[in-house]
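Below are structures written as structure tokens.
Next come two complexes built around subunit A: one with subunit B, the other with subunit C.
Showing the complex of A and B:
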């Protein structure tokens, strides 16, 4: 039971097997997280039915949705270029994704600023609105942190196309955050 | 040392978060300092600071930033106080931590029984009684949710499936090192005056009551995080790490129980996170989820809470069933009876557990039209549960029983759970439940299930796998004394609670009508008797670990993989990768073999 053997742990594992394990684990994680979003949707419909506060800004909602969807596209491009071994395009696309994600958060922040006047958290619609967008923005933030770390790694050639799992994982997570918003956007803004 | 760094990290995180929140409040013109709001804002930095300090940074995160990860150089007993990724170290960390929590919560129960010995007020105020009651319940629920899964799921499952470790060893360490955070928050809640909501933390009381409730919410949230991380790890491990030939129908039943439990944790724990989040936001940001006057709905909390917490009952009991069936087979010297039906029973329970939650709310004012469907679904779930009981009985039937201590505890689970399960059918029956709700009948019922089933299962597992985990044998005689002492004390404590509940003794209350005094005194004395049985256990446990006789690799003559390696197993468990060639319980057939462990050329 030596410490050295311990440190070598997992080294003799085939990389393909490790990749399969990582992928499955990520899917379990995404499945679990999506239940949190399902729960929030249930809270929304059970408390408010399909009610939407009339002062909710449809324009900002649409804009941030388009921005987030676009960021999913650039994230996909980053993963594709990584698979091709084109590190330059990977970095570029990751950077655009980071930028779009930041704009999304800025948009939500602006919207919160308006919403604090129109429907503060002490109202039921405000509670639902701030919790749903808050939980989602928290996921966006964590995704951005992951993407930023991965971007730095690619820039410093610590992640290369032979071990592109960090890119794949962060991009998959980013897609998940996007898909979650695809359900939240109509539930918060459109159904009424 | 790493714990010290973790504490420093946690404190720094708290200060950082609290400072941030306070400056935001100052900037917006609100009263700058608010303890609860600051704590809410500091929750995440605190947890992250602790985790980074305790080892995530040094052993894990450094490579993300292009640095070398620190090598694992800690050896010997210090490993147990370090961020260690060996599943066997983590299993023992879980076991010792949760046994500690179990005994602490047990002491709280002793305090409660002291107060309840006589009608009137003895040693506690009603408010401090509720504080002890809440902490007892919360801690015991945490023990029941995480002890078997954390300790034996981690230690035994990888060995049983012939793996060298869990699928994500670092994630595994992370899920353990969240547990001290849970304990810290519970301690903090105690220090700021406790909380009086019970472990269920119903809104709106949990929103308006003392600050302790906030720490309870954060503790539960953290435990949930730990459960989810653990569940991801177990599921991936069972899917991907099985040895060659270990097909799904050759998995030992204990592995199945952990696997099914992990699905429950993976899916449903998110609802407790949601329930806790909503209460935290209601407390700190004034959100109106549960405020009827503002258009909110107090029942919403109960729905979301039980949407986790009923499946959580199966998270508590399924691993105990797994342990029990495992032990019954080995100590009856018979293959597990109706193996596939038992697995089906577990999956059936898991699948149906999503459709029964509202039977906790029959008296909460939910629409009457929902009573019958939930009555029916709840009673239906006794069918898959019955399959597991029948598998247990069929395994014992005509077996050559070896009544060692683990077997006694496993038989104890079958005996106790019979009462717990059948009284559950009474409570599922809406008209009867309306009478019995919030009485000691309910208290007796769930103690028969959770203590009589879950905790007896935990002790069965401790006695069964102790030789494997420590390399030493526990004292058999002391173990038998512990068993009989515990099961007698247990039944004398909780059986009368059915009666006293039917006679109008309410739960969660420090006083009662005088004519119930005699029975209450008898229950208290039996409770102290039960409490003392654990002194025997603790002595046996500690002394055997220190000085017990050396354990052979297979002291029980059992057939599963963990007994085919040394006690305790070497690093990475097996010298050669085992090849599984048959079912796990190869009794009664001399030519049958579960696995071959030979160096392959």
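Showing the complex of A and C:
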């Protein structure tokens, strides 16, 4: 291969290699974050066994779970739209995801309002409940901030289908937050 | 429309189809999980966590593309 050929080959290979490194880095980050969530689950069962407070609202738990699962679907659609180069659909799906995430946080806030009277953080159950939901909501908030930044970038054409890593990364993180809740929901609401 | 563009659109439609199926499965499993919790059968803890695991796996595979770690999928 000629020098020009090598240079051209390098131009095509570099972004793919960078994307591979980015993905690996994100997966390592997700793995390290998973340890925090697994630790919280272990603390929950260590301190409370299979006990759950009877005043915990099952309906709110189910509703916010369905909302978060739905937001994962719209986030997935945003990523796919970006891959197809459909910026309009990407923006729309990112906005819906942002809305659903906000509704999820509002649901948790409502649950906290009720929970503060039923089992305040000074009780063992309250302490576990507020810590677990608090850590998770913080991750939802950071996910929302990331998605909002990405939405702004897409709107300004700073992120396009040829460099869609910001969309992919923020959506992957959003799915991770969803997976964490998939395990937190039964641990907090369903086990008895 | 060129063949490449048509293939891309077909793949996109297939992907969205997968997304719909995944979210329907997740919804169904959540309802089953909830029903089990309400019924309180003996030994519900492993059952409910098995369902939680069954919900996490499709998210990891189809939404997070975990296969990309070992180069199995280039999405």
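Remarks
To be clear about the criterion, the second predicted complex is superposed on the first by the 179 of 192 C-alpha atoms of A that agree within 3 Å, B and C clash if a C-alpha of one lies under 4 Å from a C-alpha of the other, contacts with A are read in each partner's own complex, and residues count from 1 in each chain.
We take it that a residue touches a chain if its C-beta (ideal position, glycine included) is under 8 Å from a C-beta of that chain, and two chains touch if they have at least 3 such contacts.
All figures in this text were calculated on a predicted structure; none of them were measured in a lab.
Shared-chain residue A:103: touches no atom of subunit B or subunit C. By the touch criterion defined above, A:179 lies against subunit C but remains apart from subunit B after alignment on the C-alpha atoms of chain A.
When both complexes are overlaid on chain A, the residue A:65 reaches subunit C alone and has no touch with subunit B.
In the superposed pair of complexes, A:47 makes contact with subunit B only, with no contact to subunit C.
By the touch criterion defined above, A:24 lies against subunit B and subunit C together after alignment on the C-alpha atoms of chain A.
With both structures placed on the common chain, the touch criterion links A:80 to subunit C but leaves subunit B unconnected.
Set side by side, subunit B and subunit C differ in how many residues of subunit A they touch, and the one touching more is B. Look at A:190: by the touch rule set out above, it reaches subunit C but stays clear of subunit B. Taken together, the two complexes place residues 24 of subunit A in contact with subunit B and also with subunit C.
On the subunit A side of its complex with subunit C, the touching residues are 23-24, 27, 50, 58, 62, 65-66, 69-70, 72-73, 75-77, 80, 83-84, 172, 175-176, 178-179, 182-183, 185-186, 189-192. Subunit B makes touch with subunit A in their complex at residues 63-66, 71-75, 85-86, 164-165, 167-169, 171, 228, 231-233, 235-236, 239-241, 266-271, 273-274, 277-278, 281-282, 285-289, 291, 294-297, 300, 303-304, 307, 570-572. The residues of subunit A lying in touch with subunit B in their complex are 1-7, 9-10, 17, 20-21, 24-25, 28-29, 31-33, 35-36, 39-40, 42-43, 46-47, 121-124, 126-128, 130-131, 135, 149, 152-153, 156, 158.
Within the complex formed with subunit A, the subunit C residues making contact are 8-9, 12, 15-16, 19-20, 22-23, 26-27, 30, 33-34, 36-38, 40, 44-45, 48-49, 51-52, 55-56, 59-60, 62-66, 68-69, 75.
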